[in-house]
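The structures considered in this document are given below.
You will see chain A twice below: alongside chain B first, and alongside chain C after that.
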Partner chain A sequence: MTVRHYEDRVVTAFLYCAVFWALLGMVAGVWVAAELVWPTIDFGIPALSFGRLRTAHTTLVLFGFGVSALIATAIYSVQRTSHVRLFAPGLAWALFWAWQLAIVLGAASILAGWTSAKEYAELEWPFDIAIAVAWVAFAVIFFGTIARRKVEPIYISNWFYGALIIVVAMLHIVNSLALPATLGKSYSLFAGAQDAVVQWWYGHNAVGFLLTGGFLGMLYYFLPKQAEQPIWSYRLSIVAFWAFVYTYIWAGPHHLHYHAVPEWVQSLGMVMSLILLAPSWATMVNGIMTVAGAAKKLRTDPALKFIVLALAFYGLATFEGPMLAIKSVNVFSHFTEWTIGHVHSGALGWNALITFGTFYFLVPRLAGVPLYSTRLANVHFWLALAGTMLYVLAMWGAGVSQGVLWLSLDDLGEVRFSFNDVMAAMQPYYLLRLLAGLAFLAGTVLMAVNLAKTFAGRPTAVAMPPAGRRA
Partner chain B sequence: MPARFSLLSLGKILFSPAEAFQAVADESPPASRVFFRFALWIGLLPPLFAYVGTTLFGWRLGVEPVFLPQPTVIAICLAYFAALLFGFVSSAVVARWMAVTYDASQSLGRCLALMAIVGAPLAIGSIVHLFPHAFLNVLVLVPVLIWCMYLLYRGLPVVLGTGPNRGMLMASALIAYLFVAFVSLLGITVALWGSGIGPQIGT
Partner chain C sequence: MTWYLFIGDMLVTAFMIVLFVWLSLRSTRAQFDAVARIPLEDEERRG
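And now, the complex of A and B:
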């Protein structure tokens, strides 16, 4: 066979799994949200207890849904921006199976009570090693494809995907350094304040390079595709990239304000977080101007709606973030639901919406037929918007109430309200958040049905690199 | 002769917004009319309701009610009014600024009227401030707010005379501005609070 078509079947496979993990992860999210309203619905089963299920939620949505979606779109776009078939497709399939297996077993291990007690890196050392190996495979496939590219410049989306691969490898390996004691238990090499700083260097840059950088790669490829218009300012995108990479790395200590880490480290984290607003917003402006420039010829398309709204939430999250990093705001917001609201304005409004938009764009192309139902997609859009808004507003309300209650002192200057009082006051907000989660989940179910009906058992369509450019 | 844009058209604005949007598009009311015959007055409602509610029932954050001294309540309500007016006018100005990019109408009157119609349900909904129980307020105002966002998406293309696609894009861009304005306000408030300016939360 001399035909060297793009390797898209593995993209389809990752995409299916991403949708599956999104559904499962959100069900877990809805369940933990419900546990905060009705604490007894863990039925005394340890695997359903809040601590374990919450960790399962974050693991499934971040690494099951988020990373599968990122790998799918990276593989799809790197071939098209390089005009070559994927490097080592066999390895890509191995990566696919390894990753999905790691998520299945990893989630099971968390429910069974294994944890390294490091947030967003709870999986124990056997998984850490497996993930590191799988990640190297991802790097080989991705950079191998870039090395064989038929176009001289490396397109901007690949810079972001590339940064995702390199930085996450670095973070993951350093933060996971530990001495194994048994198969299911290890002890971190870091202790005390050092451990905290390393952990949040990891935590924040996972947010930075995975939830932000990786998804910006998605944005930079799929937004101009969708708008049929080149990026508004290519130069701005490159400048913003380097500013972004340089600044993010230093911002982690804003998670440790007023904790037992040196004062200057906290201040550094705060200043770097404020500077971070500039590259974050440069990208948003670039995206908005790209679609605005193409507005005249755009067709009404559900995919684009999701992507554009995602940009608005991206603007919110990256504005709110630097603000929360200011110490005089953080003294109020830290430990409150405000943080959770910030997380989900990013996670739902930005990460999930842009992925949904990308999937609505991608699936008709992978299946070679139009989307099964535009109407369902439009209903999904409103459910997603309403769900996200309701979530964020409920958490703002809860967070501000919590902050006020905790800072209230009585006549003797003692804390006026006990933890129990404050938790009881949160009940109504938790109920609202549960509704928000259900609406968001319902929208995701509609999407899953819509995408499945579009595929309807069809094989992935065959697409070829542009003729004449092939070696 | 259809009613011109004023408080008298409040019923239409609330209950058949589509007609109200069309009327603004046809009539293109001057900015001063929108502001003085409509926006200023409905903008007074939330701080008024808040004043009455806070004085009568105290703030309820879910635990026991908090009563504040009269001068503090008045100061807060005035600040609230100022913030609302600022939000209203600034979003209309931002809309007008964005209109260049999206090929939409740059009439300030239309932009103000758009924001007024979109914001009207919130102003009326703020009647729940009469009982300033935090959760009750969230419960009522959040659905109203989502309705307002829907109105923005629906109304913008009509009022500013741009296509549905460009309207959708511009509405999203405006929403981004509104988010940022709101969250800044929240941040400034708590930062001031934390540094001891504003109502005493202790004692």
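And now, the complex of A and C:
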């Protein structure tokens, strides 16, 4: 029997739920992808309509899968890098139940038609309050553990997790400020262009500090663990952290190019997005150089393969993002599927793959047994890679086609192709995207089976007899 | 308003540059190497 000092049961619970939400969120994603090929498969049911199901998809994968995985890995790593047991484990369990309940009820409310109509923040005001309270609990647990640490330096992964907690709290509270009208409807305190600027300050920095910063925390802890190598340049990781924090917060207005916001705000967003390439690639280079010391292990270890592939997609996505933020590129790419391809090269290629790699590392350690099947994990790796590549290529093709078609003018200077013409041209790409989603989902199902079998094979706890009866 | 924003932006930028330089100079290579090894030496500890 293994005696565990660290509080890992709550980590396991979050991990289970993260896998469950990944499966459910990806099923919703595949379904909405199928609706773009066969629009009638909502069967006239409002909850299955594209608008509601797509929002349920993003909510489930972002806040169900992504945040559960981030909380699990933050709790796991902060104890170890601080050499202390988790602060307030009871509060961590309360956070677990509160967060899962918020996801269940929140997804149900979206399917029922409740929405604040703010992208990636669609949940209505009762959920906004519940999320804020839960997030404070996360902060207390995390920073409480840091405060009790027995190692003086705060390891770099904790800086990223800390930034995630602080900045997401700030973004969530400001963007959610609203006047409730009924239980299921509220009106934002911001209006017009102001509302747009606040929304994309939130939206882009949710990408920045949740999908990038939080997962970089995961990378900086689990990459050295898995590669059995210290991070290549610790100094570079610190400089990259501060450059990342400083630069990212300005980049949101690149979502509002050619909109009714001041020209200088748009240009500032573009310039900061381009500067952001430097800290992003500094981290990628740091990660790749760390793995270079463990090249042999890379051939056989599926967890490390996932993490390294995630780094490659991180590099690709953080190059593509600044390029799409250039105004003259954005005039072509905006309102096209290219943006969807970019988002998914990050969400699938970076966030999901690094989480999968981390789960393949964590579950055998949490269960105390080897992974059930390395072969299944390798099949998952290739399905995930094929799915991500096919998705991105399909959306690049669709996006470039749309860009050309939207901007094509006839001799009178009027648009040559109607919305219907453009949508009809998208059908082959949408079918390819559906296949890509199915491949990625199939890989995730294999992972769920593999991890469940691993947990099922863990040694049974030995019941110790009372002290007086021991031989 | 624009000027206030600009001056504020430049002050923040100056602060960040000072922070970068300070962070880069304050610790020795040996100290950085020791911190980088934290994740590799955390399982055997029982705090």
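The rule is simple: the second predicted complex is superposed on the first by the 448 of 471 C-alpha atoms of A that agree within 3 Å, B and C clash if a C-alpha of one lies under 4 Å from a C-alpha of the other, contacts with A are read in each partner's own complex, and residues count from 1 in each chain.
Note that contacts are C-beta pairs under 8 Å (C-beta built on N, C-alpha and C of every residue); 3 or more make two chains touch, one makes a residue touch a chain.
Not measured: the values here are computed from a predicted model.
More residues of chain A lie in contact with B than with the other chain of the pair chain B and chain C. Residue contacts after overlaying the shared chain place A:Leu348 against neither chain B nor chain C.
When the two structures are aligned on the shared chain, A:Tyr246 is found in touch with chain C, with no touch to chain B. Of the two partner chains placed by superposition, only chain C is touched by A:Arg80; chain B is not.
By the touch criterion defined above, A:Arg235 lies against chain C but remains apart from chain B after alignment on the C-alpha atoms of chain A. Contacts of A:Pro224 after superposition on the shared chain: chain C is touched, whereas chain B is not.
Of the two partner chains placed by superposition, A:Leu36 touches none, neither chain B nor chain C.
Chain A contributes residues 5, 77, 80-85, 150-151, 153, 155-157, 221, 224-225, 228-231, 234-235, 238-239, 242-243, 246, 264 to its touches with chain C in the complex.
Per the touch definition, chain A reaches chain B in the complex via residues 284, 288-289, 291-292, 295-296, 298-300, 305, 308-309, 311-313, 315-316, 319-320, 323-324, 326, 328-329, 331-333, 382, 385-386, 389-390, 393-394, 396-397, 400-401, 403-405, 407-411, 413, 416-417, 421-422, 424-429, 432.
Of all residues in chain B, only 61-63, 101-103, 134-135, 138-139, 142, 145-146, 149-150, 163-166, 168-169, 172-173, 175-176, 179-180, 183-184, 186-187, 190-191, 193-195, 201-203 touch chain A in the complex they form.
For chain C in complex with chain A, the residues that touch the partner chain are 2, 12-13, 16, 19-20, 23-24, 27, 29, 32-40, 42-43, 45-47.
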